[in-house]
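In what comes next, chain A is part of two complexes: it sits with chain B in the first one and with chain C in the second one.
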Partner chain A sequence: MYQLLRKLAHWIDARAGVSATLWPMMRHPVPRSIDGPMGWWYVFGSASMTFLLIQILTGIGLSMVYVPAADQAYESLLYLDYQQPWGWFLRSLHYYAGSGMVVMLLVHMTQVFLQGSYKYPRELTWVVGVLLLACTMGMFFTGQILRWDTDAYWGLAVGASMAGRVPVLGPEIVHTLLGGDIIGASSLSRFFALHVFIIPGALLTFLGIHLWLVLRCGISAPPKPGEIVDPKTYDATYHEELKRGVPFFGDALLKDIFFSALAVTIVVVIAAVVGPKGPTEPPDPTLAGANPRPEWPFLWLFGLLSLSPPAIETFIMLVFPVLVLGALFFVPFVSNRGERAPSRRPAAVLLVIVIYTTLGVLTYEGVQAPWSPVMDAWSGDPVPVNLVEGRTPLELQGAAVFQFKNCRNCHALEGIGGRRGPDLTTIGASLTRDQLITQISNGTPGGGNMPAYGKQMSPAEMEATVAFLISLRPDGQLPAGAVEDAPVEGTTPQPVELTE
Partner chain B sequence: MNAPLPSSGKQLCPGGKPPRRAFFRLLTGALGAAATGLLTLPMLGYFFGRRHRPAMWVPMGDLSDFPLNETRTINFDNPLRQPWDGMTSMTGVHVRYQGKNDAGDEQFLVLAANCAHLGCPVSWFPQSGLFMCPCHGGVYYENGERASGPPPRGLFHCVWRVKEGKLEIEAPHYPTLHDTLTESLES
Partner chain C sequence: MVACAAFVGCNDDFPGKPNPADRPLPQNEITDFATLFAQNCTGCHGADGELGPAPPLNDPLFLALIPDETLHAVIRDGRPGTPMPAFAAERGGTLSTEQVKIIAAGLKSHWPADKTEEVSDAAIVADAPPYLSSATILQLTPGATDQASTLFERACAECHSPNGAGGETGYASGGAINDRAFLALISDQALRRIIITGRHDLGMPNYAAPDGRPEDFKPLTSAEIDELVALLASWRRGDAAAGDAGK
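Let's turn to the complex of A and B:
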């Protein structure tokens, strides 16, 4: 039997030339130092690939149960979570392995950048790598839409609105993206096609090219300070180095396998412990309280967008991502020669630190999202008791008006409530009565962050609100501004001409 | 290729390609272009084409359902839906009755629920007379005008009409900055 199989294998091999092609690839030499501890820097690319493999497996599995139709997708997700044996685990793993893939890609890219591995002759390898990153981000975005819940619906709405800002072509792009006039079944089917056919097709193609280039150009040797890349001499030197090299199919591969196995173990444990993500509320656009958040790889963009002035917003939505991608493409063409060691390239190191710090801060802001009002704070978060204790009837009335006019949605008291505007716990100590009236009546000049409440409340309501706000100050502190000007507690000042 | 073919015994034309071969090349090119075009045009139509439908009107309710100067949120199933849209085709609009104009016609204000900034659903707060958006804090007054926050304009207006004592609106598509709901009226 064994002999027969061997014969069969030989027969196929003689015709298909599998071993003749693959064996040299597996045995191709890599620089000797990769065999040493420096080799651990080289494990992240293959870890990304391992995660991709998991994504393909879990993705195929999920596609056997998931229904990409708007009226049943949500139900099929619940079925996966609660009925299908191990369905919850597959969903969970698909999410966390996808996240892991993004993380590994970023680490891999950072390592390649810091160690100057993108320099001659591996410029194209880097460029294709950037395309792989773009595809992966595309997978993340489209995948979130397939989780057809209320977040997916509104995430798609936001995405469509951004695309709709493109001059002239905007409406056509939106229509093509949504597959119709409204967000619905056709939109979901389009994103299904993107997520399952179009982007994976591109991704696997680029991956093939990337791997081919890695084989063709060889794996870069770990950088040594003072070892200069010069396109004229590099190839000869590298070949010399390879003569002393070790075969890839050996300890180098062993490190890859070890690290991938470790990464997979970690992700499987996370997936099992944390469980699948969502779905949240069903995709009913009339449900109140929608509060869409982008997936974590996009939180930084969400933060950047929300923190930037509206005037440059469209630029950040439409042009900035293109610029970022373009900048990444351009990296090897800015410098494809010279030093590779990070210790000799302080600018590169600094750049990485600055970029990751910025991304980190923006992501943090994106998680906190202080710019989003708390839509139910006016009714859900009562005024803290100590802020109404011992107050006059007018001030108490003011507290009621303050809540009732939804001020709380944007203004916190003692840290509870919206954070879009300032916390007003001690506002009485910093703004005078007149300043308060002006601020409330006119809002932020020029239509900034605060709406003008002048017409939204009666003079009596304004009076009460201002009295309440003035009473908000630390114990024993006088109201802001001239003391004689301020209303004395317990008196009811005459209504003055309040608005306009 | 150029080995002499004893049977045909054909001679190369001096100084050029045989006219038959040149013609064949031309023919192949032309046929290839035609095939590509024949293939591409329907595909483009499929992917980018728009389905044209006559305007569809959705009843919002009797005129008496809308008290003067009060905003009502009406949810309805958008007829622009696909049969398998499920609950996704549910759409909300904010309707405000503004009384009669000088000519004695009923005046309504019908605002789309989608924020003019990036499309999130705005909520109506009757207590303060404001619409607020949960995403980035856009705020609008009761007449739909922008009050504050990032939206570049006021809320989108829907096209409405009064027919047989009922308020109807034209089924709204997903409105965006360059594709509002009242395009035809505004221009």
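Let's turn to the complex of A and C:
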């Protein structure tokens, strides 16, 4: 039996040339120093690939149950979550391994950038890597749409209206993406095709090229300060280095396996503990209270767009991503020679710090989203008790009007409520009665954030609201504009010694 | 790893396994009273139905007096003349007919009846004036105004001062109730409700409580409450007959 199998293998090998091709690949040497501790910098690319493998496996599993039809997708997700044994875990793992893949890609890219590994002769490897990043982000976006809940619906609506801003071709692009002019039954099918066939096809093709280039150009040696990359001499030097090299299938591979196993374990634990993401409420275009957020890799863009003046929105949506991708493509062409060690490339280190700080801050803003009103704060967030106690009947009615007119959706009291406008907990100490009336009636001057409420409130409602606002001030502090000894407006309880 | 986990334990043990009970519901399908209350009522009526700007809802006296139909109607249609908005979808609110019913029924049953520190005696509930006034028109003749003013002085002036202007009269926190803006934002029925029930959360006594009232104070009758409401209503209109009060 064994002999028979051997014969069969030889027969295939003689015709397919598998061993002639693979054997040298498997024995390809890597620089000796990768055997040492510096080799741990080289594990992130393979970890990304491990996550990709998990994505493919879990994705196949999910596709056996998921129904890419607008009227059944949501139900099939519920089925996965609640009925299919381990279905919830499959969804959870697919989400967190996808997130892990993005994280590993970013770390891998950062390492390659910081250590100058993209320099001659590996420029093309970097460019294909950028394409892999673009594909991965595309997978994340289209995957979110397949979740087909409220977030997916509005994410798609936002994405489509962004695409619609492309000059001339905009409507055509939207029509192609959505399979119609509006989000409908075909939209989900289109995104299913993108997520399951088109983008993965591109991704695997690019990955093949990327790996081929890695083998072809060899793995760069860990950088040493003073070792200059010069395209004229690099090949010869590297060739010499490899003669003293060690096989990749050895210590380097063990490091990769160890780190990938660790990364996968962490993701599996997170997936089991945190559970699948969503689906949130079923998609409903009439839901006014929907508060959709993009997936985390896009939160920084959400933050950037929300904080930018409307005049440059289109620029940020259409030109900015092209600039970012273009800048990434051009990295190796700006400098493909010279020092590789981060200690000799302060500009590169500074750039990484600035970029990650910016992304971090914008992501934080995207999570907080202080520009979004809290649509149910008026009816759901109680007025803090100490702002209720001791108020006069008029001030109490004012507090009720304050809630009922939805002021709370933008203005927090003691930090609870919307954050689009300022917190009003101590407003009585800073604005006078007249200023409050003007502000409420006319809104922010010059078409600012706050709308004018003058026509939406009766004089009594205005009177009561202003009385309540004047009463909002720290203990013992006079209303804004009041002079000591003058009659105090509003009737916040005075310290006991004054009333006794 | 997955296989290990599958062998080791039942997958119900994982904290990440979604619980069907936590399944997110569309707003109009929520049927849990506590959730509906927290999303729709606490903004004005306070986290536990008290200590909000609007009158407390956890008041056993209030809950005992208000007829089911009236409670349901107030949630559905709001209280015209007060900040209380209509919550039924067909009246411009956000709640389905079913959800309005759930809130109305839930209010009556949510706070256990033994939470009656404020209503010291079941008799107070039993003897309380009806929630709705039997009088159809609350109009004071000039003579009746004096009578109502006298009544006001006995029942309300300790906190709100004789002319309703509030002020530092011992129970300093009473505050002005002769303010036309305040009166424009509270309906006659809401005034009646608050006179009967008081505000146990903010220290306002109910129709029978003796706090801050003369020693010979007797619980207010339905007719007397009508008179008081009529007096306040005349202040609201700024009637000349109301004299100095309301200025």
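The criterion applied here is as follows: the second predicted complex is superposed on the first by the 479 of 500 C-alpha atoms of A that agree within 3 Å, B and C clash if a C-alpha of one lies under 4 Å from a C-alpha of the other, contacts with A are read in each partner's own complex, and residues count from 1 in each chain.
Quick note on the criterion: a residue touches a chain if its C-beta (ideal position, glycine included) is under 8 Å from a C-beta of that chain, and two chains touch if they have at least 3 such contacts.
None of these values were measured; they are calculated from a predicted model.
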Side-by-side fit of chain B and chain C on chain A, or clash: fit
Touch check for A:47: first (chain B), second (chain C), both, or neither? neither
Should A:89 be classified as contacting the first partner (chain B), the second (chain C), both, or neither? second
Looking at the overlay, what does A:452 touch: chain B (first), chain C (second), both, or neither? first
Where the C-alpha centre of chain A sits as vertex, the angle toward chain B and chain C in the overlay (nearest 10 degrees): 80
Touching partner for A:273 - first (chain B), second (chain C), both, neither: second
Counting only touches as set out at the top, which of chain B and chain C does A:282 meet: first, second, both, neither? both
Applying the document's definition of touch, where does A:404 land relative to chain B and chain C: first, second, both, or neither? both
Which of the two partners, first being chain B and second being chain C, lies in contact with A:431: first, second, both, or neither? neither
Which holds for A:461: it touches chain B only (first), chain C only (second), both, or neither? second
Quick check on the superposed pair: does A:78 touch chain B, chain C, both, or neither? Answer first, second, both or neither. second
Distance floor for C-alpha atoms, chain B against chain C, superposed on A, in Å, equals 7
Intersection of chain A residues contacting chain B with those contacting chain C? 282, 284, 289, 378, 404
Could you please specify the touching residues of chain C with respect to chain A in the complex? 1-2, 5-6, 11, 14-18, 20, 23-27, 38-44, 46-47, 51-54, 82-85, 94, 166, 168, 172-173, 175-177, 179-182, 184-186, 202
Touching residues on chain B, where the partner in the complex is chain A: 47-48, 50-51, 75, 78, 80-82, 84-92, 113-114, 117-121, 123, 125, 127-130, 132-137, 139, 141, 146-150, 152, 173-174, 176-179
Considering the complex alone, what residue numbers of chain A touch chain B? 69-72, 74, 153-154, 157-158, 160-168, 170-172, 174-176, 178, 180-186, 188, 282-286, 288-292, 306, 310, 313, 371-373, 375, 378, 404-406, 409-410, 420, 443-444, 447-453, 455-457
Residues of chain A touching chain C in the complex: 78, 81-82, 85-86, 88-89, 92-93, 264-265, 268, 271-276, 279-282, 284, 287, 289, 376-383, 385, 388-404, 408, 458-461, 463-464, 467-468, 491, 493, 499
